[in-house]
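I've put the structures underneath this note.
Each of the next two complexes has chain A plus one more chain, namely chain B in the first and chain C in the second.
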Partner chain A sequence: MTQRLLISVIALTVLATGLLCYGLWRETVEPSATPIAGFSAPFVFGRFTIPEDNALTEESFALGRHLFYDPILSGSDQVACATCHEQQLAFTDGQARRVGLSGEPLAFSSMSLVNLLWGQRRFFWNGRSTSLEEQALLPIQDPEEMNQDLDSLIEELSASARYRELFARAYGEVSAENIAKALATFMRMLISSDSKYDQFLRGEVKLSALEEHGRKLFMAHPDVKVSLRGANCIDCHSQFLTSGFRDALDGFSNNGLDDEAGLPEGLQAVTGDPAHRGLFKVPTLRNIAVTAPYMHDGRFATLEEVMDHYNHGIKVSETLSPLISEADNSIEEGDRPVGLHLSEDEVQAVIAFLHTLTDKTFLSDPKLANPFDGKN
Partner chain B sequence: MIFALTAITFVIAVAWLIVELRTPPKNAVTLLFHAAVGEEPLVFNEYAYKNPEGSQPFKIRDFRFFVSNIALVGEEGNYREQDSYHLARFDNDRSTYAITLKGVHLSDVTTVSFSIGIDPQANTSIESVGDLDPNSQMAWNWEVGYKFLVFEGGIRIGDETRPLVYHIGFDESRRDLQFALPSGFPLQGGQEIPFSVDVMKLFVGTSSINMAEIRSVKFDKEDTRLFADNFGDLIKLDWE
Partner chain C sequence: MQKLKEKQANILTVVLALVIAILPLQNNAQSQDVREESHAMVLLRGLPTLDTSHSVAIVELDPESPDFGTIISEFEQPDMEHPLHHLYYSPTGRLYATGLDPVCSLAEIGLARDASGAPTVTGVNCLDTQGQMVGEDIMWHAANGNDYMFVTFMGGLGGTDGGSVGVFDPQSNGVIKVIEARRSQVGEGMPYIMYPHGISAYQDRMVVSSTIHPDLASGVGNAITVIDLNSLEPIENIVTEKENPIDLPSSPVEVLFARPSIDPNIEPAVMVNTMLGFETWKIPYDQETKTFGSPEVIYSGVENETGVPLEFYGNETELFISHALPGVVKRYKLSELPDLVSSGPDIIADPGAHHMIFLTSKSGRDLIAVQNNLLNLGNGADNDPTDVDFIAKLNAHTITVHDLQTGERLASVNFKERYDKGVENIEGLFGSGFVHHH
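The block that comes next holds the complex of A and B.
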């Protein structure tokens, strides 16, 4: 009897110790997964998918947000993602092409980071990345941008108690894969859905007469045969997201910036297909009024310059989108520059509508701001 | 006890067998569309074709259309696909587009029917159903609806290259097509029903359209009807 009691006590002790250890282990190592609460997106943005191995969690977001704003990510500890992607500029940097570490301008302008869950699934202006996880690590390692060695970065982050804890909570260990996942989560949560246009779509506000005129022009491909005037934006920028289209390579276009001789590679650099020469990713127009300068190389300083381009500055090349070369509001016969040929009033209406895409809530949302400001 | 368990198992097995025998087998049926341009294979972005009404060289940059409301009729009954909206596109190595229908409770098929285009209710809806996506290239905008068929490219007229843009939409352009399968098409697992799609028939079908003269169609109802009338010539059952 005593022997049985002894065995029971030992067994219970082992079990209790085991449970306690498991509890402690869970407490310190096991990542917790708190699904991001209050996350909602307008129904009109449509469906989206999140990678099965990178759920949207508060822990991942917190880590990603710290990494995004931390210059520790660069070789020199001077450049953060946020250096070229500033919140108040809808995560652009206000420059045409930032000067790289060698002193030469970079190949492309910094893209706005917004509503990345929707629209085209390839990232960068020439579409060289097929996921945000893949995208996130490239500027970090680019010798012209952040010039960081991933192993050194992992070492630096592992030396920080703060980061060890953030990683442990979100994923477990400090690794390149987990850096990429956390940055991808932060970028996925950069959701802009409270512009005047969104409020209009929700039936909360009316657009002014000028904005409404601009909206109608934005949404119409011109057809002189039925006297329909249009600014033709919709042929490349989807009606609700205002980004390029999601499927296949539908979200890439040659919008007539350069003639045949000066046509850059664009998407062809990725696909190798000559039919993709000069095609670039169609960007979102969300917050477009604060993301100047415009185009993949930032060549246009203002929205007026952009409209001048589409109105009468189109340069013809073999891969120029037929939707652009064919879209003309003019009924006059004879030679004229390729373009929309809208009236000045119509141009102003389109620009007024583009201003309704500015989302002040998004541009100043404290949840998306630098976590190091005032706290650490 | 063991007897009772055996008896219950036996009863369940018999019941299952009866249900199984009464229900026709669940089959997957694939509608396989293969696109060509007349006698030529479909290639994109090459001046590989001649305007059938004029002989100028033309190229195709994009060609796609909506197949919707697919239904099968067999001896034992009908099958109607739910949320049946498919965007057929052929920008792949084999120039094919496949629609696989699952859970078809028919052992044979006598008729296949579907529409080119979209029914009026779905056409101006902003719901993402099937391949309908209001943020896609096929959407004009929610007030106008979807393009049912898109053909884009370029044509060489003399020294000049001119754009070709045919965006065919509007409720009245939908065409309901019906195909009788030869003598009771038997269904086995993964059965394919092959269709040929001849892009050239857009221009030489019920209507003849000279693409050098009508180089773009978007909202003009009469030009749109010319193209819609050729939808029925575009697709043929490819049965040997």
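The block that comes next holds the complex of A and C.
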């Protein structure tokens, strides 16, 4: 009897051990932190930092890519991150403000997701998140966007053998924290650095005369004293990334879209500081030609409309950026609209340069595409 | 029962061992916040008697950092007989270096970022200069609606009165023209180019200096050459020579075309440092008539007990001039140029004070780092075959870091002692202030 009991105990123990090992293998053995193969980014984009507990790895990228394209992330199982962030539109959706689940338009347009390793460290148009990991979970839970309960999502993902394995390889357990980390990794890897402008910066191509004229205007703050004409873009959009600046809240600006009476809260909603009223995140201009409509509320349908705004449509308010209010190419004085007062040829040159920021490689890179699509 | 307990214990041990063995691996922390504002790009010269290679390196220069003086990354050039000489960032962010080795008188340096965000040197691409040798300074300037990269080659195409200015396509790096005018060939009184080193331009006039033959023995210049950027031809020489403190021609080295784009108060003029005349000169320029006035000494090294003035560097408000002897950087109000009006105390560096960068410390302190080597040649005490007595005394092999406001020396790193190398040139990782023309 004792011997039989002993054999039974041993057998059960071996079985339990096997199951435990298998379970642990599924959940924890595989995280191997494989560095992203062949990672290289342009030097001129500047230093970037990655959270110590969320290294860029092939495993986290693979998981993040699956999650990004999977509607399982929404309460209805019908809305994925990619629904509002389409690769061919530089991860925007082509809409001014998408209609939310209640039938009302969302507060903001979908921001382009590109080169998020660099630039301003606050995310969303009003800067309400301070990390990509934090940002990643908010649309999932937003009742107007994906309306998903995180506990339910974890249950759904845990029920999937594929996701259990993807999580096991990347992080270990299925958790909200690891969902956020994986999505953040995928977004960090959305690097656009092969536009015509990038090729120009590397010395591989020349810009056309019109594009080069536009580039020089883009990079110049106008100074009539020394006959320097400029489109003033660089005061807010940095030279290489064309995004807002990283330091403090420099990457936010009131660019004169609304007058005092109509000025929305913007960054003030986050900081509570009245000086931040009407300030919104300065977006990247990379792939701008494919990310219409423009501005935080998508009010401008074309780049021509955007340039019209900066040229003679600036609305004055208390928090209007002085970099914008003081930028004028005209020496005429008097009661005139605030704006750049560029010539039509100059406007067209700036637009031509903006088109050089389109990165077709990025927009069609299969590594960033929907993994559930048979082609990818 | 005891045996059962032992067996259970053994099984438990095995299970525990298994569990421990398969504990999830920790993700490696990839990067923390790293300040690059205090990182310098340096060109290092391997010293022949110390068996070291030339290299391009990135160095931490924040005295507040525990890594002060540490080489963060380095790209060795074991096959180069002579090192790269001077780094320049182009307006579009490409990194170039002139070089002293005839096989690499001009190069583009590849830079990228790895998965931790750290900068890495990916390679050195030596460019075709069509035979022009010993690259010195680079300047990007537009003329007649065209953008050019101009490079002075002190050795030019060779010979005892050689020297050329290479005109390059700034995108393709291809040679557009070699501007050469040998004194022995142009005829008496005609404009020549010889041993060109410094370069600067304003509107359609460019100036280059005539310094010294690269072998330091075949000849020494005493003038600058004015080049018409419409024709890309030399049109005039202007002699800048007065005192001869070491009985040699003045050897104009760096030039700066002071102009309103540097500060709106500036009346255009060419400023010239004479390496062996120990002086700084100004040559007024009338942009209406496109004529230069009489050259005038505005700083005398003999009177001020300094020698070998070398570089012009600037930030938003000040101009800095390095004097290799005794190793000092003097500072002037930018708005008062081309006159030299002191803006603060001298920065006492080391013998050989030469190139410099502006940077900030972690606490936000404004700093200046000075590279203290004239030519990085070896010292006779090391039985170094490159020893030149006069110059060896001007090779401290250090980078000294000072408070920009007060000039107080905060830290120093000796590259010869620490790395068995000399430091040939220094540049901010992202550029720093303006150097020479830029």
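The definition used in the following text is that the second predicted complex is superposed on the first by the 344 of 376 C-alpha atoms of A that agree within 3 Å, B and C clash if a C-alpha of one lies under 4 Å from a C-alpha of the other, contacts with A are read in each partner's own complex, and residues count from 1 in each chain.
In the analysis below, a contact is a pair of C-beta atoms (placed from the backbone, for glycine too) under 8 Å apart; a residue touches a chain by one contact, two chains touch by 3 or more.
Since we're looking at a predicted model, the values are computed, not measured.
Visitor: If you stack the two complexes on chain A, which partner ends up touching A:36: first (chain B), second (chain C), both, or neither?
Guide: Only chain C is touched by A:36; chain B is not.
Visitor: Touch check for A:119: first (chain B), second (chain C), both, or neither?
Guide: Only chain B is touched by A:119; chain C is not.
Visitor: Let me test your reading of the model: by the given contact rule, A:226 touches which partner, first (chain B), second (chain C), both or neither?
Guide: In the superposed model, A:226 contacts both chain B and chain C.
Visitor: What is the contact status of A:57 with respect to chain B (first) and chain C (second): first, second, both, or neither?
Guide: second
Visitor: Looking at chain A, which partner touches more of its residues: chain C or chain B?
Guide: After superposing on chain A, more of chain A is contacted by C.
Visitor: Name the contact category of A:240: first (chain B only), second (chain C only), both, or neither.
Guide: It touches chain B and chain C both.
Visitor: In the superposed arrangement, which partner chain does A:138 touch: chain B (first), chain C (second), both, or neither?
Guide: In the superposition, A:138 touches no partner, neither chain B nor chain C.
Visitor: Which partner does A:323 reach: the first (chain B), the second (chain C), both, or neither?
Guide: first
Visitor: First (chain B), second (chain C), both or neither: which does A:72 touch?
Guide: After superposition on chain A, A:72 lies in contact with neither partner.
Visitor: Have a look at where A:269 lands relative to chain B and chain C in the superposition and call it first, second, both or neither.
Guide: Neither partner.
Visitor: Under the contact definition given at the top, report the residues of chain A touching chain B in one complex and chain C in the other.
Guide: 43-47, 225-226, 239-240
Visitor: For chain A, which residues are in contact with chain C within the complex?
Guide: Residue list for chain A touching chain C: 2, 6, 9-10, 13, 17, 20-21, 24-25, 27-29, 31-33, 35-36, 39-50, 52-57, 117, 171-172, 200-203, 205-206, 225-226, 239-240.
Visitor: Help me check something: in the complex, which residues belonging to chain A touch chain B?
Guide: Listed in rising order, the residues of chain A that touch chain B are 43-47, 118-119, 219-221, 223, 225-226, 228, 234, 238-241, 243, 245-248, 250, 274-275, 318, 322-323, 325-326.
Visitor: Can you check the complex and tell me which residues of chain C touch chain A?
Guide: Spelled out, the residues of chain C in touch with chain A are 4, 7-8, 11, 14-15, 18-19, 22-25, 27-34, 36, 92-94, 108, 111-119, 122, 171-173, 260-261, 264, 430.
Visitor: Residues of chain B touching chain A in their complex?
Guide: 44-45, 61, 89, 91, 126, 128, 133-137, 139-143, 152-154, 161, 163-165, 167, 215-216, 218-221, 223
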